[in-house]
Amino acid sequence: MNQLDLPILTLLTFLPAIGALFIMLSNKEGVAQIRWMALVISMANFICSLPLFFCFKADYTGMQFVEKVPWIKEYGMTYFLGIDGISLLLILLTTFFTPICVIACWKDVTKKVKEFMMCLLLLETGMIGVFVSLDLFLFYIFWEVMLIPMYLLIGVWGNPARRVYAAIKFFLFTMFGSLLMLVAILVLYFYNHSVTGEYTFNLLKLYELNMPSLYQTWLFLAFFVAFAIKVPMFPFHTWLPDAHTEAPTVGSVLLAAVLLKMGTYGFLRFGMPLFPVATHQFVPLISILAIIGIIYGALVSMVQKDLKRLVAFSSVSHLGFVVLGLFALNIQGIQGGIIQMINHGLSTGALFLIVGMIYERRHTRMIADFGGLAKVMPVFAAFFMIVTLSSIGLPGLNGFVGEFLILLGTFRSNVVYAVFAATGVIFAAVYMLWMFQRVMFGEVTKEENRHLKDLSLREIGILASILIFIFWIGIYPKTFLSKTETSVTHFLTEFNKKYEACIQKEKNYLVLNTSEELMTKK
Amino acid sequence: MLDYVWLVPLFPAIGFLINGLFGYRLSKGFVGVLACTVIGLSFLTSVLIFFDLLQLPPESRSFEKIIYTWIPAGDFKTSVGFLVDPLSIIMMLTVSGVSFLIHIYSVGYMHEDEGFKRYFTYLNLFVFSMLLLVSANNFLLMFVGWEGVGLCSYLLIGFWYERKAPADAGKKAFVVNRIGDFGFLLAMMLIFVTFGTLNFHGVFGAAHHNNEVSTLVMTTITLLLFLGATGKSAQIPLYTWLPDAMEGPTPVSALIHAATMVTAGVYMVARCSVLYTLAPVSLTVVAIVGVATAVFTASMALAANDIKRVLAYSTISQLGYMFLACGVGAFSAGIFHLMTHAFFKALLFLGAGSVMHAMAGELDMRKMGALKPHMPKTYWTFLIATLAIAGIFPFAGFFSKDEILWHAFEKNTILWALGAGAALMTSFYMFRAVFMTFHGESRVDAEVKKHLHESPSVMTTPLIILAILSAIGGFVGIPIIKGANVFHDFLAPVTGGHVAGSVEVTLGNLAYASSSALSHGEAVQHHVGLEIFMMAVSLVIAFGGLGLAYLMYLKDPSLPRRLKEKFKLLYHLILNKWFVDEIYDFLFVNPIKRGSTVLWQFFDAKVIDGIVNGSGWCVKWTSSVLKRIQTGYVQNYALSILVGAVAIIFYFLLV
Amino acid sequence: MDLVIPKIDALSLCPEIVLSITAMLVLLVTVYLPKGRKDPAAYVGLLGIFIALVSLTLLWGKPRYAFNNMIMVDNFSIFFNMVILVTAALSILMSITYLKEEGMSHGEFYALILFSAVGMMFMTAGANLITIFLGLETMSISIYVLAGFLRDSNRSNESALKYLLLGAFSSAFLLYGIAFIYGATGTTDLKGISEFLSRATYMKDPMLLAGMGLLLVGFGFKIATVPFHMWTPDVYEGAPTSVTAFMSVGVKAAVFAAFLRVFSHALWDLQPDWNQLLWILAVLTMTLGNVVAIAQTNIKRMLAYSSIAHAGYIMVGMIASNELGTSSILFYMLAYAFTNLGAFGVVILFGRKGEGNLDIEDYSGMGFKYPVLGLLMAVFLFSLAGIPPTAGFVGKFYIFGAAVKAGYIWLAIIGVMNSLVSVYYYLRVTVMMYMKDPVEDLEGLHWSPSMIVALIIAVAGTLLIGIFPSPYLDLAKQSVLHLM
Amino acid sequence: MTLFFFLLIAIVTVISAILVIVLRNPIHSALSLVLTFFSIAGLYILLNAQFIAAIQVIVYAGAIMVLFLFVIMLLNLEKEKRVSEKHPLQKAFGVSIALFLLGGIVSIVATGVLYGNMGTETAAKVSAVGNTKAIAGLLFTDWVLPFEITSILLIAAIVGAIVLTKKEL
Amino acid sequence: MIPLSYYLVLSAILFTIGVVGVLVRRNAIMIFMAIELMLNAVNLSFVAIGKHLDSLDGQVFVFFVMAVAAAEVAVGLAIIVNLSRNKETINVDEINIMKW
């Protein structure tokens, strides 16, 4: 269904890429012009994405704004785009954050501005592409394409000392998972062919496939590794602190705000509905990893000395919540997971912006180098406080809604998980507030900190626009929850239906087999 | 007016927003006036609502106003909505009333402070959260207020963030509260899973009618809720943050850490009385924890020299009383004590603030003495409050405290005995404080002495009003006389009627009055004589404390020192707050910190990242080894071809 | 005995004939050209290639044997011939300035490229082991000379010598293999062999198997599979860069064509026997190529190891032994041609006389100093690494897809893990280009029109095939129809 | 009788072949190689391949070996000096692997049974036409294309050899 | 009549001798000569097999192989001559600028 009769998703996806092309053709020296171009393009993209939100039919279960053009016919690849409630918010998050990033790096990035803006816009193309593709092949392409600009952002504009290491680690780590996924996609594709006789990468068609559980287990595992790395879940997380720490501010922002969501989105869009039996099998494992992630991330970030690293580890903790929620496999958990993806994007994105702002002023990210900033920069302190609280999950701000729904969902499916996960709430307060205290409170001990400028209007504007959503989701989350509800409900019914069907099929198969065995024995 | 209940929290919210967003452009005077006005308006609205509520027959005094659906997710739906019933209106009145007075007081107290505007912003936010907490119609919204007040407490304790101690204290308060919230969160989930809703009406109605819910679940729910309450209301084992919270401005201590926020736990337990009565084990736990806290923290107050710390321990101790009341099933008694305590403890803190104001911020009672002539208004109001807290007839504390002790006695003599002991200590340390501060010899520094003065009227007026309330506030709940206990009658629809005389009114009218409570109430009726006796005992205890304090601090000032010598160990323990903070540090804080460091620097950096980097390193190493095969000698290459050929031939020959 | 001259089916040989004549024309032309100004010779060669390409397209879709079953002109050979011709054309375009810079601008170079292309084309079309052998030798001998074309350069000499000695050595094995197969089947005609095998009941004839094994050695040598790969890095490093480019693609394409024709067509009935062996060889080849490439510091050497690895990937397609596998090899070859030639083109353009600027270190800061060149290099490297939306990705996708389809999931996993390793060393170049500051001031580049054209073709091919692979896949698919 | 000749020639071939690779002086080696080629030509005659035997002598022993000798002399090569081995295992390893190769091949060919399709040119038939004529017939009919390819091959080789060695190009 | 296997074994021996020559001689020309020996061994096989199969194809092959060998020798010797001009040596041990 495409209620707009416009290829709006294509527009959204490729507008930034075209913009990047224009920037490429523009004069390298006209830095201001390039910045404005990037801003205009990203803003235009954001504006283009608004119709998605307003024209989205919240009660329609299928895909919306669908575009489908055959691409590689004989092998069943299609250019198939469409969104539902699950992806809607993530797309908006992406289009929302890109202009913010453009503005945020206005003064920050002074060298190679042209290339920087190109990377940023190409990254946006990749990110949106991932969220709108409904064809596995297309999805995989966007999934990989997105790596390159991010890799360059980290590696070129990152922190000179270790940027290369971080960039390569990011790239290889992610690639490792996605390559396994590639094999799984191929297996799925050929399995589908062997069953239905049709070559297709169409996700909606592949949803209808009931695979034997052994297949599901392995394929799910392959997808799992890809997504778990992206999320990142507990033992696969070590690329994240490095990438975050070394990336330039907006790199970290986009990484946190959008890129990490791809893993969780992937679970929801691919991992779970394709392999329901395996999903059920792996719920304990994944939940436990998620819980370890929650607690581990929190504990480790508590003792970090570097602000960005701290926030990075806190992402591990927060994303643990999201994964836990998704694998609660009930509506609260998944709704919470989705909204928490947005929340984490907003609050952690904002946190990285904030860290970037003081980094820009002081050129250090070490907590020990700060202290007493609240006195010097009161406006900054206020923003920082609110974002910190949002990250902690203070009721009334966005974080709480997600966390509570997740915990509730988890509690319904498994009490023990919920109890352990809920301890994360305590730890979050500990490490965030301690960090806040060390940076903002106390006396100004360092001479350099005494004359720091408070936020400029530009910076206030950036943070305020994020804050609007932080409050909005906290106070009236219905705006967003209602958009996703139908899709999630539909997702769950389909999921359960398919699960039952798979199990039933398996049983029949067993019965068949045993009866055959009996026959042959006789 | 009932329909406009949402105005009650809205006014402070407006004040908060205006002060927070535009405060930096407004004048100090305007900010102060605005802050007070909005709270005043809240109070007014509450009063109007109160009278509206009184118009209704007792059985229908429960009104829900739903504003909008807050979090919808499948079968889970929570709304932003308000509940007006006797319990919440009492809380609203108390909160907005006391807050109003303290706001006014603060205008004077904080006048010189740099963070004046910030202070009022926070304070408005606090009142908003607190009112939200008490007026919410469901657990989740209550939790919003619950965390909101915690946040404000954090912000206000750490108000003077440039010093380390307040900042630390603020963080500690927040984190410890979070531990409690952990329980609250889990309780909410369990409630939802059990009853399918978080709405008070829905939950209590279901709990009352649905007998299928096992006691175990009930007990778990209530214990988890109580964990939340121990955090917020500073009970064992989570009380440690409250003494530290005294680092905040004194009006804050008065408002948040004495009168309102810390009582949220009691309010919550009272609100959930239906659940608690269905879980006897929990009630017992509540009672034991309450009384233990009362005694334990009272003991700490005995030797404290910091006037605010004395008051802080006293607060914890009094909160323990309230929980004791709830624990023995006398929820309305708990609320009653909550209310009177709000009056006199706020007064005490404000008095202490006034003293500090005069003493240039000095808190150590050893450096005070004989302040009475310098600040008469402060002295007299402080004395009234002390009398009230000590439980001397006819001040407010007498009625409420006595009622609790009586109910405790009804339930269990040991509880009563401990409660009585705590009362003795209360009386002792409060009078000790009065004597050390206002009487005796002056130990004030010469420099400070010159500036000793009575506080301005903007500060003393609230003192006087509170003093009046502390003096007469108890009369709304006169025990014994049938029908005269207006307070309990009023509350009975919510908390269940336990008290003689009110039982008939409540019987059968209420959907969720607990039946077990009723039977309890009937039993009580026969003991009027006993009750009078108990009152007498209470009075004796109160005067005993007074006398002891007089003996030690006025009559024979050397006595304390001798006692110190004699019970060195005990004194040391008490002085150092039984080393509880240190024990916590040792048991939890330090291991976690150290463990985390190990996790990070060893496990994360060495093990996990080691595996990642190690595999990369392995490939590189293999690479550098394998490339040596490439010797550059053409004959080696030929040999390699030959080896390959031979291998292939033999592969075909053998396979 | 009367001599019955078979029908001279000149039309079937049209491209080869055109090319041979062009080669000789080039030789003639070059004589009359002034010293050091031999560009026209190159253009003559290009023209010839163009005509050959056109004539190839005319042959499309009409499979036929010619010259007493000596060659088979079918879509398969035409496809590969196109790849070869494109390779030759691009190599010539890239050589013009390069040779001038190296002071070796001679028309003979182009003639030799054309001769070697003719040899390659006979290999792809060869339907008889002898034709294939002769094609292979024609190709090889020309390339031996080309590798040593920089007469005054020790590296070039060494490269030529190593290639010559080992090439001849492996040819002997190949020939021995042909002898065995001739002995075991009584014929060297591929169709004859295949017919013989399909009716033979004694499949396990050791002589046949040994012959097949020795063929494998010969082909394996040319496409650089482990353990016959040892010459590759040295020869690639030492040979003139444009020759390296030519041989890395052209030789591989031609030999794979012959390899496929012999193994997947003539020896199809022995598939169970060679499949396992190829599996092992493929894994070894991929792994060794990729792993050792990591430790390289010279970009040509690194690309040499990478080309070893790519041979491994292509073998995966062979192992899959299904229609998809074979067509994916064709597709991969096409993708690889553009990509690898492009990469070498950048290396040539960036290089300096006397093997300068060939260390990976030299690429420091190149990406920002020469943004276009950097971007091109990045595209080619990402394509080699198999990252979308480039041709390399689609190629790998199909290769591994074929493996999965045939049930070789572990092979596919090993393959993708290998490409992960490869990403590392390709990334290292981009790291140098974009993330390191230039060590010294780079001199200006000499952008010649011919090089620009070559690079544009290469990058257009790489991206076009990557983004719209459909027609090319179709082409590849049609090309294998007749083979299987 | 034929067997005797065969064995005799075979022994000469093997010995001279071994001499090729063991003699230190390149010229001696080359001369032994010439001897080997001659004896192989003898074997060809035993195999009724007179034409091949002839060109073996003319092309190989005559042309190719002369070229070799010519180059050896041109480069003024001396005896290989006994220098310390740079890759000591190469020889031992090489020889032993080569023996494996020999073993492998021998075990394959020793049976001497060929399953291949039999051709039509029986000895009688060939001798009726004459060996050379028969081969010529084949070469210019069936094998005309490879024959033409060799022409290209040779041109390429000539061009190559000139390119590489001519003083001034 | 001499059995085919005699020829084939002889051919194998010659081939192996050639292989050994390639592996042990250090002079490039000698290596080249050893390769010629290998080719001759194969030629012998071709002729013998051809004879055995009543087919003249074997002899035709030998003809082609000789052509190829001649070409190879021409080019090879050219390369070697060129090399010795530049490097003063044709000892393969010393021809290893490129390695690793």
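Labels for the chains are A, B, C, D and E, by order of writing; each one numbers its residues from 1.
As a working rule, contacts are C-beta pairs under 8 Å (C-beta built on N, C-alpha and C of every residue); 3 or more make two chains touch, one makes a residue touch a chain.
The shown structure was predicted, so the numbers you read here are calculated from the model rather than taken from an experiment.
The set of chains in contact with chain B as well as chain E comprises C, D.
Here the chain-to-chain distance from chain D to chain E, counted in touching steps, is 1. When every chain is reduced to the mean of its C-alpha atoms, the one closest to the centre of the whole protein set is A. Ranking all chains by how far their C-alpha centres lie from the centre of chain A, first place goes to D.
Per-pair tallies of C-beta contacts place D-E first.
Distance from chain B peaks, on a Cα-centroid basis, for D. Chain A and chain D have Cα centroids separated by 70 Å. Once the centre of each chain is set as its mean CA position, chain A and chain E turn out to be 64 Å apart.
In this assembly, the C-alpha centroid of chain B lies 79 Å from the C-alpha centroid of chain C. Here the spacing of chain A and chain B, counted between their Cα centres, is 38 Å. Those residues of chain A in touch with two or more other chains are numbered 172.
Residues of chain E found to touch two or more other chains are 8, 15, 18-19, 22-24, 26, 31-32, 49-50, 52-53, 55, 57, 60, 64, 68, 71-72, 75, 78-80, 82, 92-93, 95-100. Along chain B, residues 616, 627, 630-636, 638-639, 642-643, 645, 649, 653 each make contact with two or more other chains.
Going by the touch rule set out above, the chain pairs that meet are A-B, A-C, B-C, B-D, B-E, C-D, C-E, D-E. Here chain C touches chain D in the complex through residues 1, 3-6, 8, 13, 20, 23-24, 27, 66-68, 70-71, 106, 108-109, 111-112, 115-116, 118-119, 122, 128, 130-131, 134-135, 137-138, 141-142, 144-145, 148-149, 151, 160, 180, 182-187, 192, 196, 200, 202, 205-207, 210, going by the rule given at the top. Listing the residues of chain D that touch chain B in their complex gives 86-87, 90, 93-94, 97-98, 100-101, 104-105, 107-108.
If you check the complex, the residues on chain D that touch chain E are 2-3, 6, 10, 13-14, 17-18, 20-21, 26, 29-30, 33, 36-37, 40, 43-44, 46-49, 51-52, 55-56, 59-60, 63-64, 67-68, 71-72, 74-75, 77, 80, 83, 86-87, 90-91, 94-95, 98-99, 101-102, 105-106, 109-112, 114, 116-123, 126, 131, 134-135, 138-139, 143, 146-147, 150, 153-154, 156-158, 160-162, 164-165. Interface residues of chain D, counted against chain C in their complex, comprise 104-105, 107-109, 114-119, 129, 133-134, 136-137, 140-146, 149-150, 152-153, 155-157, 159-164, 169.
Of all residues in chain E, only 19, 22-24, 26, 31, 92-93, 95-100 touch chain B in the complex they form.
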